[in-house]
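Quick one: the structure is below, and I'll ask about it shortly.
Naming follows writing order (A, B, C and D), and every chain is counted from residue 1.
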Amino acid sequence: MSRIGVFVCHCGENISATVDCEKVARTSGELKGVEFSTDFKYMCSDPGQTLMKNAIREHKLDGVVVASCSPRMHEPTFRKACAEAGLNPYMCEMANIREHCSWVHPKGDQTTEKAEDLVRVLVEKVKKNKSLNAIKVPVTKTAVVIGGGIAGIQSALDIANCGHKVIMVEKQPSIGGHMSQLSETFPTLDCSQCILTPRMVEVAQHPNITLYTYAEVVGVDGYIGNFKVKIRKKSKSIDENICTGCGLCTTKCPQKKIPNEFERGLGNRTAIYVPFPQAVPNKPVIDREHCTYYIKGKCKVCEIVCPAKAIRFDQEDEVIEVEAGAIVMATGFDVLKPDFFPEYGYGKYKDVIDGLQFERLASASGPTGGEIRRPSDGQVPKKIVFVACAGSRDPAKGIEYCSKICCMYTAKHAMLYKHKVHDGIPYVFYMDIRAGGKMYEEFVRRAIVEDETQYIRGRVSTIYEKNGKLIVKGADTLMGAQPVEIEADMVVLATAGVSNQGAEELAQTAHISYDAYKFFAEAHPKLKPVETNTAGIFLAGACQAPKDIPESVAAASGAAVKVAALFSNDELTREPLIAVVNRQAPPVFSSCVGCFLCESVCPYQAIEHEEIKNRNGEIIKTIARVNDGLCQGCGTCVALCRTKAIDIQGYSNQQVYTEVMALLND
Amino acid sequence: MQEFEPKIVAFVCNWCTYAGADLTGTSRIKYAANVKIIRFPCTGRIDFMILMKAFENGADGIIVSGCHPNDCHYSSGNFHARRRWIVFRNLLNFAGIETERIQFSWVSAAEGLKWADVVNNTVKKIKELGPNENYKKASVSAEVNEEGASHE
Amino acid sequence: MNELIKIVTQLLSDKTIGVFIGYEKGSAGRTRALFARNADQAQKLICDDTCTQNLAGYLLKPEIKKLGRIGILANIPALRSIMQLASEHQIKDQSLLVLTANSDGSLTEFCDFHSIEKYLETSDVNITSGEKEMIARLESMTTTERREFWSREFEKCIKCYACRAACPMCYCHRCTTDVNQPQWIPVASHEMGNLEYHLMRAMHLAGRCINCGECAKACPMDIPLNLLTYQLIEPIRENFGKTAGMKADAVYALSTFNPDDTENFIL
Amino acid sequence: MDKEIKILKYGDLPKLIGRFNSRGFKVLAPVRSGTIVEINPVGSFEEIVLDALLTRQSAKKVAFPKVEKVLEFDILKKGVVQHPVDPEACPETLLFGVRPCDACGFKSLDSIFGDTPADQFYLKKKEKTTIISFACTTADEYCFCTSVGGGPGNTDGSDLQFTPISPEELLVEILTDKGKEAAALFGDLLTDASTGTDKSQHLADVKVVFDVKNVVDKATSSFNDTEFWLDQSLRCIGCGACAFVCPTCACFDLQDEQNTKKGVRLRLWDSCGFSLFTLHTSGHNPREVQSQRWRQRIMHKFSYMPEQFNGVGCVGCGRCSRACPADMNIKEHLTSIAAQ
């Protein structure tokens, strides 16, 4: 005979506004096996938990049902409380009467009845619960950081400085990411390269960090503490150990007219190249798509000139597998391809560029040496129009969110321009100016007041070229939406920040969830911002949503701390909600017949063959056994097992069966 | 006579649809109260027999929902489930049991609105279909089949 | 036929096998299983077109296993049963001595699973046209008509489990029906108990049924049970490209998947 | 009572059935259902099939149905409230057109269910049932009633027995008081039989194939002959078909069907042929293999029954043999036992 305790939470008004909590507590008290039931303003609060603990001790409860919010929110909280009161934490279940009831139904009897139903279901379930003990698994104290932008760099350094091994994987030939492309950074206008490159070098030289550039993650197996990560090291066609990085090859390469990705196509590079002067590692790779040798089968100039004899044309991609205890996703973001806006004529008119291209123009190490010149004729533009929200906050274009960083960098661009072209006039078309952040509003003010940037509130409808000028047509909504037309020399589009291409595939490879925009999804929007739903995989930076540098760095450090905490123990305790094969007395031993159909159904190769032998060592029977280190508790085997020989703890056949019984027979 | 309020059980996976339904709540989107959720780790865990039990015990409709293909938290549970349902629906249909009473859906953790739609549409559909007499009349509570009684 | 007796007598006398499962004349013109353990018993062996029973069901019977290595006269359904049982780890390669009677009356002995697979590739493993028609007829009915058809049939069921006992794929030591914590399937032979038992059985045989029809033949109440599992054969082949009992190392249709499996019913 | 003999016209049978119907009797008789003939309720004579040798199932289900509710209960917070089922709550029943072997089968059931503690659920139904059997004019090779003390015209267990003595006429034997009461319902349709009318010449010829006494002795003495039973039972696949169609098999199982609120307790047919029949919770099974279960079936009918009550627990209808998927022919097996 069970002694269940039912604790109904008002959650302030969140539940009690539409559900009669007293009634739920009262009626659940009438259920068979319920020894104690009560309702309380905030069950999760200290007094709430104390009330619960006292009830457990006082009434010798052997099971607890907390009727409150989603178990995805507070299950750990209440299970911990039970444990502290001496009750096995897995004897605690939660009835979700907030997200699944009070918040989605109007005040009324039907809503209260539903709450009562949900409680009854969980009461019946908890009667079938079994005391379980956490599973201990070893932790590999190595982290894989995917992405070598500022977020990845920050995470890697923080983890490495905690004394743990880090493997950084970057798909480009150099780490640095988008930040290395920036000229100056808001709101301080300090040089991006100057603050970033020391960190890049630190990564390269850190004893705890192994760096794989020009590499991609192609497989993730295993589970928290015990991941196996497959990395494809794309062939660089050089022997990094021998190459001295003298750069002679890059000067001699006959292919000189390849648009430079780092310069966003504003400059050129050779086929064997180092993406930018401060690249880390500062060693070239051969771009096989453009290399004469790979196209025509002859050339090999680089090989001839290389003093170190480091060129390896026959080098092949290599796939290595590393073991890791945790993974940090820091794959960053991308900007919307401006050809997204035919009306703005990007691609058609050379002088319509995007923000990143402007960064390169403004960068001292950029194609123009830091002078703002038109891509078309190299002239210094006297009038520049900056178009904010190019794509962002535009349901029509399919992007409803605010890219967040554009307002700030547009203001920065205007300033940079003004500082370089004193007689020039910057215009900014904007919807709203969002400058939340330390010193941000002040920064925008400076752009407007000190640098006389013309801010025009309104959208740009079209841009077209007329005798060497770009005609920008828009409307000024603050002046009664009267039409505005500006003859500009150059237009800069603050294109929306979007998820990196390949993000979806990577998410699927790593088995983490992602949102409608293919940004990786956090486990909880407020309380678990750097965790994913997959234990042991964390998020850093703009792969989660558009973020500026300080935010990315903060998130990266946050993720690093999560990893460090995970690595702080040699063993990690896992929830025992896994599959088990039943065992019985001889001569049956188990109702498993050893058909092993469960073997192929298991996503984690967790099914093993167990031979049952008699005293003479002869095999009587071969049955399935679950490896509790590998089993993740999906239960697919359970649904497949004809004899019901395999069952899953926490969602056992007894439990789900009785839940259905309880739900439908009221 | 008052309107028929169908009993509908939803078997959902913990990672996508359960979280999606949480989001529906967090977003305060309203939906019919007829549907009650039973939480499973994964659609792969959902045994066809639990669906039969639901019908046997008087469910008028059933919702089975989990992660979209490729999004399964366990990578393939929903793929196995999908095969199971393809076969099971075939069988039910052949046995003369209305498959319309089971609504399958993929609802991700981000699709709070979709969950509300799935629920409301299912409730609407089941109301049109009416009570699940076919299955109920054979259920435990019904008079036990005295010999020959069923012929009368 | 004499050839069969000769071979089996030899196999038994030189102890290659401990028992040979074949056919003998039964009562009222029936043909039934014979378990020859010595030369005398082997004399009763027959081999003609009345030998239609699928004898593979006997392969896993404990008392028969105890008789030593098993030889069997396997018809096509039996050969497929052996393949399916092998794929479910119930029979090891070369543990059996398998004979089959060809259409011309000659006998073939299989040295291993592979040779059985080859043999089956060229054999007709389809359900009969009569069975096809019956299924088509049922499919042409309305849902309600089908429901009535089956409730009339299931009403007759007395839960004697002859279908289960006769099925070579129902080898579980403990059938789901006998699982009582929880009691998934009502034990009683009332309408619900019968309906759920037969649905459960059909589901558990989906993708495993090798259409030997033993279940229907065994049913003392003449319920056409085989149709339940037969009608799943085609969809499973169509959707998943799998046919049961053709390969010893086959992966079960429902324990694997294809990311591109298509359906039209999931929102 | 000493029996009366009368004559009834075939043509009056519809009237006869009509009388019982109008008297509120539940009339059960052989009717065609699909491919088989079964004993089921009938509204009119037209539905009845009299030319079938035997119905697929025996007549036992009339008093011992395959599923029978014996208790209802409610589950409350504290304890359970029981609602017993009243055994009396069963209709007056006429069982019409069954074979002598079926009627005879009730003798075994009476002794089993009548034994202390008396089983009211069976007895009350039986008590309220009047049995009109039809003597057999044909038989098939599975029949062996004469070898177990019965016969095509055996009247044991029947209240009335009809024997076709000509295409138009039936010889009516009124055998019991219950039979007399029933006959009163259609007395006007009966005419006196000319003295010396002998039904035996009209009966089917069923040869005696073994001496049942031998079977009883040999079965009992060969209990430990494992090889013998194994040899007999290798073909057996362990289903319950034989037991469920058998007119004398009386084993049952009690099952509760309940949800969290209420439940019913059901009595269901069971079979000693099932491996689960004797399985202990511990996993131990005293009848571990099928040969032991087959032996049990034979022993129960031909050793234990004669020991406990008088007479064997088999009426020689041969249903089990006809129903057996594996062609376990009991007549053949018994003959071999007797010949041991």
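Observations on the model:
Methods note: a residue touches a chain if its C-beta (ideal position, glycine included) is under 8 Å from a C-beta of that chain, and two chains touch if they have at least 3 such contacts.
Not measured: the values here are computed from a predicted model.
Here the chain at the heart of the shown protein, by mean C-alpha position, is B.
Set against one another, A-D and A-C show the most C-beta pairs in contact at A-C.
Between chain B and chain D, the centres computed from C-alpha atoms are 45 Å apart.
Mean C-alpha position of chain A lies 73 Å from that of chain D. The centroid of the Cα atoms in chain A and the matching centroid in chain C are 51 Å apart.
In whole angstrom, the spacing between the mean C-alpha positions of chain C and chain D is 33.
Residues of chain C found to touch two or more other chains are 176, 184, 186, 188, 190, 254-255.
Multi-chain contact residues of chain A (touching two or more other chains): 588, 601, 640, 653, 657-658, 661, 664-665.
Those residues of chain D in touch with two or more other chains are numbered 33, 66-67, 257, 259, 262, 266. By the touch rule above, chain A contacts chain B in their complex via residues 70-73, 96, 98-101, 103-106, 110-111, 113-114, 117-118, 121, 508, 511, 513, 515-516, 521, 533-534, 577, 601, 603-604, 632-636, 638-640, 648, 650-651, 653, 656-657, 659-661, 663-665. If you check the complex, the residues on chain D that touch chain C are 33-36, 38, 56-57, 66-67, 140-142, 230, 233-235, 237-241, 243-245, 253, 255, 257, 266, 268-269, 271, 274, 276, 289-291, 321, 323, 325-327, 329, 331-332. The residues of chain C lying in touch with chain B in their complex are 138-139, 141, 143-151, 155, 176, 184-186, 188, 190-192, 195-196, 198-200, 202-203, 206-207, 227-228, 231-232, 235-236, 239-240, 253-255, 257-259, 261, 263, 265-267.
Those residues of chain C whose C-beta lies close enough to touch chain D in the complex are 26-28, 30, 32-33, 35, 57-58, 61-64, 152-153, 156, 158-162, 164-166, 178, 183, 186-190, 193, 214, 217-218, 220-222.
Contact residues on chain D toward chain A in their complex (touch as defined above): 75-78, 259-262, 282-285, 288.
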